[in-house]
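Just below is one structure, and these are the notes that go with it.
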């Protein structure tokens, strides 16, 4: 079958001038310029995070001769200060790629082991949501960006490995999100509470204290309760809003809301 | 054997991504084309149904990997309308600044790839070099060079760092003469003109009929630009012209994009002036619980909140570097959007490809497809 | 025995070798002193020296192009292997050598393997013909220039063979293009050469160069030089005219299916041809190994001076080709044909007319001439 | 001419557009027009020719479990406004007349809506898979399609 297709696009350009001299001239100019100073940064030997690039901010012949201190904003491999981590789970909750697992690290008491994030960099998208969420500032992103490794298993960084990165004192991402002032807090639905202590036990910041409350006056004809009732009281300024108490509450009596 | 099918792609220097252009050629002339998409389909619209409103932003950067900011802006505006949130003034300006920088970076990237397709090798490196400076700027305030994750529903993540306007002005001062240099290498070269003139012609009425937008439409003489026609962000407060050409061919698209870069620089200077003198908050005050950074478990009461929160539908449209992009966000009152639908400009531009490819030679495919500026990430989504 | 030519050197080495062998194994001395054997062995040595020299030169040419193209593109080029990346190409060659070469299942074996080999061999043949300095080749071939051009124009045939037999649509289109455009640039090249022949009166490259000792031909035959250099660009398939292997649409065209050492053959042969083409431009138009008169005459009489002069000129000419590559996009097939037929042929015909005119009026043109050495 | 819900309603009435169910105001567009799917083929030309919505931005579908919704986003160069069209389709066999005869740009958008949401477009010129492999029998954007579930993929390789 011979298709009936009209041939197009063979017109002569109008006012095509200058032949090929202009591009030749431009290329020659660039040649002369880059003979003196090519704009390459010779990567493994020169890095933008080197001190010499941090002094000032300037561009010369297409090459940054300084990128300034803002290089610290880079979102690279995480550094984790295991000592200040409170095992609040917020990083794992906020991870859109589900690449953070909370693993046990030595240092906790046997009943409530200390858990710190372990990050699988094979999945991580470096969005920084976890470090934004970290209430203690212990999980932070550094300027480190070289991760290549021959084994996939080595892409999983344990808390200890991230602690080593922390100890190397790399520049940390200085951007911290401000906690909104009028944030919701955790409220208690009093009639439902059974005083089981689960929230106070699992609270990472220990901001929940169980206080004794007298059982409300018995109705006529009823015996006074023998048992001492307890009720959680949440110290709102210490609370990091991690929601651990909500998820452990067996009666679902804790909820988000605003103090009235 | 006078005719044969040639698979151009999925691994082909012309495709700029993963797609397959099946071409039936007669000698060297194209008789029929059949694009085959889907090699990069990641189901972003489906994944979005399963993510928090803010987490979708991480996907937006990957929708079009050379125009991440524009897509973030698009989505964030749509989600804000669906949720009924108004971002602060400064955040709007920062978003506009970011989008224009992204347009500049995207067009430079387009220039680099386009001339590379023509066999012109050195401008590719020049383009990459100059785009890198813009990426440095992005990195200085977002922390990422390609995937920024910067905008949030209700504002932006953080304010610009100190000294940013000065650094940005340096970059703009460096870029402006470079645009002249780019022009000299291309429009000053007769070979380039002969390769590009009269190729891929798609007249304005055909463009409208086929849904083609962006520089392709404007190169046919139309002045449609969402930034002017339906101003969003703060585009109504800056001065700029809509770049047009009337040749509706590859050269016209080249000229339109070059002029758009100049206009972007003009917008950027105005935005930098404004941002220098107007400090303020960059994130809206009262956000729903699940829009804050930590996504803590909601508990039983979370579902109550969900019920109480207003439902809504948000429609946003921006002039993305490639053309008109729309987002349609359906909020059914929950942590996740119920449905997100994106209108990708390249999707529509590419769907018309049989109209501007048939009849040309196989050697004309790279310049024509280069002038369309295909970004497969946003076609397949 | 004066070692003035390469042949003398080869003969000296060969006879020396035979002498050593016959001293070690005395019974063989009768056989080894046979004149034919000495001649044959020295021919082998001659070939080996030639091959080594041309291959090393070719690899240095690639290095030169990489470094220069790097600067044109605002980068540095190869710089880590060896001093300033000098050994980078050897490393690349070694890598290609180690790679597995494989043939597509439906490819034609004979053509698939013979194509690159023949391409490589015919390209190397050029160096047997090109006189590189006065002390290079012994005696002179009366038609050496024609022979060089004939060898040069073998290539599209082998490209086409290997393209056809690799059974790939891109390769096929690339090979077709290569064959189709050949005539478009071969004719103007030959016509431009006719101008040189008219003015020099010889087909022998040695004579052509020695005729240029007074004035180089690029002055009077400027048009012919432009045509010849442009045709050479097309002949070498370098970037404004690299349609057969147009990367953007044909994915390296005729060598799509080749990998490993077979690809290295193509790659090397391309640069061998680039080197030979640049040398031809220098020999025909830029005075070969001669120097202008204001250089002391003693300079040219130094050993190897001729080769050094010629090589410097060759690399400069090649530098211009690299410059063009860095600044210009690729043309289209029909445009190459148009340039060949509508621009280059008239220009080369005009240059023949110029040449005839210069011969008739017996004037030494002033335009851009090198001062006469008084010869 | 007012390009709000009232203006659009008046213009639709003046042009005699069939099958309009409601015209509501909509933030970011001139109006949101609901129409009955049966009248699609008669309504589209009216919108294009009488109201001047020459550019079809996109076509998409939403799965509301008990019903499907198909929406069209139109743009008018004269009014510089969007118009959102939507129609409810039944859940069992959602189908509607194709818009690609009126706006050729709907071609790919409808292919995408067909394969991802599962809405059929009658008289579509070329209703093939676009993003999914040929022979893929699921509609991923339906609510019943859950992520993280293993599934059989039957991929037929097309030979050229």
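Side notes on the structure shown:
By written order: A, B, C and D. Residues from 1 in each chain.
The rule we apply is simple: a contact is a pair of C-beta atoms (placed from the backbone, for glycine too) under 8 Å apart; a residue touches a chain by one contact, two chains touch by 3 or more.
On a predicted model such as this, the values are computed, not experimentally measured, just so you know.
Of all chains, the one whose CA centroid is most distant from that of chain D is C. Top-ranked chain pair, ordered by C-beta pairs in contact, is A-B. Centre-to-centre separation of chain C and chain D, using mean CA positions: 64 Å. Our note on geometry: chain A versus chain D, Cα centroid distance of 39 Å, whole angstroms.
Averaged C-alpha coordinates give centres for chain A and chain B that are 26 Å from one another. Chain C has its Cα centroid 48 Å from the Cα centroid of chain B. Multi-chain contact residues of chain C (touching two or more other chains) are listed as 72-75, 326-328, 334. Looking at chain B, residues 122, 126, 129, 185, 189, 191-192, 194, 361, 364 sit in touch with two or more other chains. Each of residues 10, 20, 23, 26-27, 30, 39, 62 in chain A touches at least two other chains. Every pair of chains meeting the contact definition is listed here: A-B, A-C, B-C, B-D. Contacts from chain B toward chain C in the complex involve residues 4, 6, 8, 12-14, 28, 115-122, 124-126, 129, 185, 189, 191-192, 194-195, 361-366. In the complex of the two chains, the chain D residues touching chain B come out as 26-29, 54-58, 60, 62-63, 71, 73, 75, 77, 80-82, 84, 103-109, 112, 116, 129-133, 140-141, 145, 147, 160. The touching residues of chain A, counted against chain B in their complex, run 1-3, 5-14, 16-23, 25-27, 30, 39, 48, 57-59, 62-64, 67-68, 70-71, 73-75, 90, 93-94, 96-97, 125-129, 132-133, 135, 141, 173, 175, 177-178, 180, 182-184, 241-243, 246-247, 249, 252, 254-257.
The touching residues of chain C, when paired with chain A in their complex, are 68, 70-76, 79, 323-324, 326-328, 334. Those residues of chain A whose C-beta lies close enough to touch chain C in the complex are 10, 20, 23-24, 26-28, 30-31, 33-35, 38-40, 42, 61-62.
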